[in-house]
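By written order: A, B, C, D and E. Residues from 1 in each chain.
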């Protein structure tokens, strides 16, 4: 039995219906523990005061925003190559979630920036590339909305996602070239294991990140299920209309 | 191919959509900037290279929706897609025609408009060079965007939405080169990046565009 | 008339051309400005009111070509012109629909974009007020421009060209009011002018537009 | 009421196309316009509909009484068939579209977006629009283009019902519709190629 | 060479419209497609032309051999008739357009902008385009829409000449063209309303 079996919408629906409840609970628990631990059980930073606690929302959402686009890239490729509907619909379902994550990262960043840098917004490369990512999300969603035929829409958005990814990477380099920034570098480098955040913050942060990851997966599964049902309704209606 | 190029150029001239209009839009936009930000000449001089690049970009953008949509509506695209010339080639030629009718006039006119905005003397040469190297990328990206949205009735605004983020790297390198030139710094690095970008776009985007177009014609 | 308004709003929503796109375009344009003029926040703060007004104006402008041209192409305009509702009224309603789908969202979104451009704190209120008073004029002038160019295939660029000069007074008064507001000065005079301009446009331009449209249908 | 066209000269592109057209259309009557391609049928119909002014001559009894069905159908691709019809019905102050849907067998398609219809289905929806206008005079330009034989019969039925209800119609067509109607051949009215009288560039000749 | 279509399933909007279409078109032969509005004639022709992929089945002998004449004419309003034709001729590697102009009596109109032609004149120019492609297989979707009787005769003559020269043609039409040709009625191939096999949304049913 291969993984591709779940590319069948019906099988996918059955599977997702089975795992979703557990996933919701687990994600909810992780997010809740992480956030409560982070907000109430960690000391204030000596320099940043209590504002440091925004990190528990900011970093996980920022990570998920990037990962969501990456996931869309992979599912788009799968659609273009193997033409599994679930894959295209998963990309469609992930886009708004990713966009919302981007907005959360931007909003929490802005809230954080006010006390830290004395301004809501600065044209720092990290921030700027995030804004550009947001624009890509907008364009992607708008293209899905604009096209009537679902398969054509899937094809075109997939092509846009591929080309867009290339240009998103280019933009990132361009933005770094254009302005050196204020934003601090990454301190959770998975590869090296070195880190600059103390354990008090790190453990709840990791829990939050896991929670957000699970939440993202749950949301995408749920929304994909909705999209599948929509397509099913549409397919049945199309036949009904012609049969009459 | 040459027939297609000639036809597109002739149409651009005759439909009154060609050389003149993009330029005029560029001109008006440049004139509107002092109205909106105020007439202080030092301020204008500082923002001049950036505004000129932005204006060129918008003038390109606005002429995109007629790039393929007209051919789509009157059925020419169907015929082109079944014609003996490869669709990739046809789209590349359409990009070229767009550049000749829109990009090139902008490059030529930019110095004149620089005067209106008090562009510092050192900036003129580099502004022209950066536009010359950057506008081909704008045209090719535009062809790709037009191919994506060709099936959508009046996808003009959607087209802008899709294309503008793709324009970001070109704009950054181009405006940076022009700004460095105007400030007397060395613009070589951004110009190199810009050239690379344009070449990459010309080499690869026709394929993406023709794939998108075929999906749309289906 | 209400039927027409409702239809236009529904079409705007459904064709994906409505609320969202104009806003997104406005956002992108605002983002592109720092890319082109550089990231210094004081410079950006100075030009912010002007740039925001210019962005709103361009977002309005880009949505104009779908205002009448679509109805023209599918023959709806012919039918509207022979329908029992006066053409002036129909055009005014179309202007209203355009304002609701384009102008109003811009007004609401402008403060958020002000943040991106470091707009000084005092400027937010006046920016919103000036846009609220000025955008109706932009929509009505747009209807007139669209009526003038409706017969021309893809007259998008030509339309921009005709409309932009007409937008100049609105832009001057609007941007001036926003700038004065941001600088802590009294913006009453330009705001009054702006209001007068909008009222005048709403009262008179539907007649000019319907005359132009009748000539085009001929 | 009677539609009366007297001594009409119509032009396209500034060139007179037909001169001296006189016709009379009583209530309950239909008139079929014939003439080769380029004779000026479309131009004449547009003039009677009030979409363009005549160069000379008078048109009586047309204002606010005509419904014009052109080559294009006036359908919005993004609205469903019933939304399209309901919109036009409301513009003309009518509210019931069931009769129009029934006349052209459009019920099965009523919730389909107009953009997804086939050529003939679109045309049927376009013709149904005329019925919701409640206007007494129909001006139809090649109404049966793309229609199959069943649909042509529906159309003939709709016209007959319209005439029986006291309406009237002018139809330009190249094919035989099987309608009981007078025929007007436009060939004799063709403007001479060097006709100058009334042309918009007359002053330059 | 023969055009061979076997067991073809075509879809529009993701829904199968026709299934199991099998047809064979030899050189020198014409085939007339018939079927009520919405039967799927346009969809079938677009599939054979290669503009959309079939859901199932094979098409042999079509690639680079077909010229497709759709509902739209592919004329640029701002170019003259001869410029339009010359453009397409060059795209297809041909250079002589006089035969095409003559076949549809377009000489008097050759320098007129295509946008100022009447509906039937436009259609004639659109049909003339097929002649300059030098492609052996013509696919025509309601070619005689808006044509008057003279023009229909010109068209029939052009098709006959094309067939006599070894070409072939598939025509979808609702009216009788007076051509010597086989007729294929598409009604039996209509996909069942609940047909699922091969539909792009098959997996969802």
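Note that in this section contacts are C-beta pairs under 8 Å (C-beta built on N, C-alpha and C of every residue); 3 or more make two chains touch, one makes a residue touch a chain.
Remember, it's a predicted structure, so these values are computed and weren't measured experimentally.
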Required steps from chain B to chain E (each step between touching chains, minimum): 1
Most contacted chain pair (by C-beta pair count): B-C
Identity of the chain that, by mean CA position, is farthest from chain B: D
Identity of the chain that, by mean CA position, is farthest from chain C: E
Averaged-CA centre spacing for the pair chain B and chain A, given as whole angstrom: 32
Inter-chain centre distance, chain C versus chain E - centres from mean C-alpha coordinates, in Å: 44
Distance between the centres, which are taken as Cα means, of chain D and chain C, whole angstrom: 37
Between chain A and chain D, centroid-to-centroid distance (C-alpha), Å: 55
Junction residues of chain D - those touching two or more other chains: 71, 77-78, 116
Multi-partner residues of chain B (each touching 2 or more other chains): 15, 70, 152-153, 158, 161, 164-165, 168, 172, 218
Contacts with two or more other chains, residues of chain A listed in rising order: 132, 135, 138-139, 142, 146, 148, 178, 242, 244
Contacting residues of chain D [partner chain C, same complex]: 49-53, 64, 66-68, 70-79, 83, 87-88, 90-93, 129
Chain A-facing residues of chain C, complex: 15-16, 20-21, 24, 27-28, 31, 34-35, 39, 41, 44, 115-116, 118
Contact footprint of chain B on chain C as seen in their complex: 15-17, 21-22, 24-25, 28-29, 32-33, 35-38, 43, 46-47, 49-51, 53-54, 57-58, 62-63, 65-66, 69-70, 152-154, 156-158, 160-161, 164-165, 167-168, 171-172, 175, 179
In the complex with chain D, residue positions of chain A that touch it: 148, 241-242, 244
Chain D to chain E touching residues, read off their complex: 12-13, 35-38, 42, 71, 116-121, 123-124, 142, 145-151, 174-175
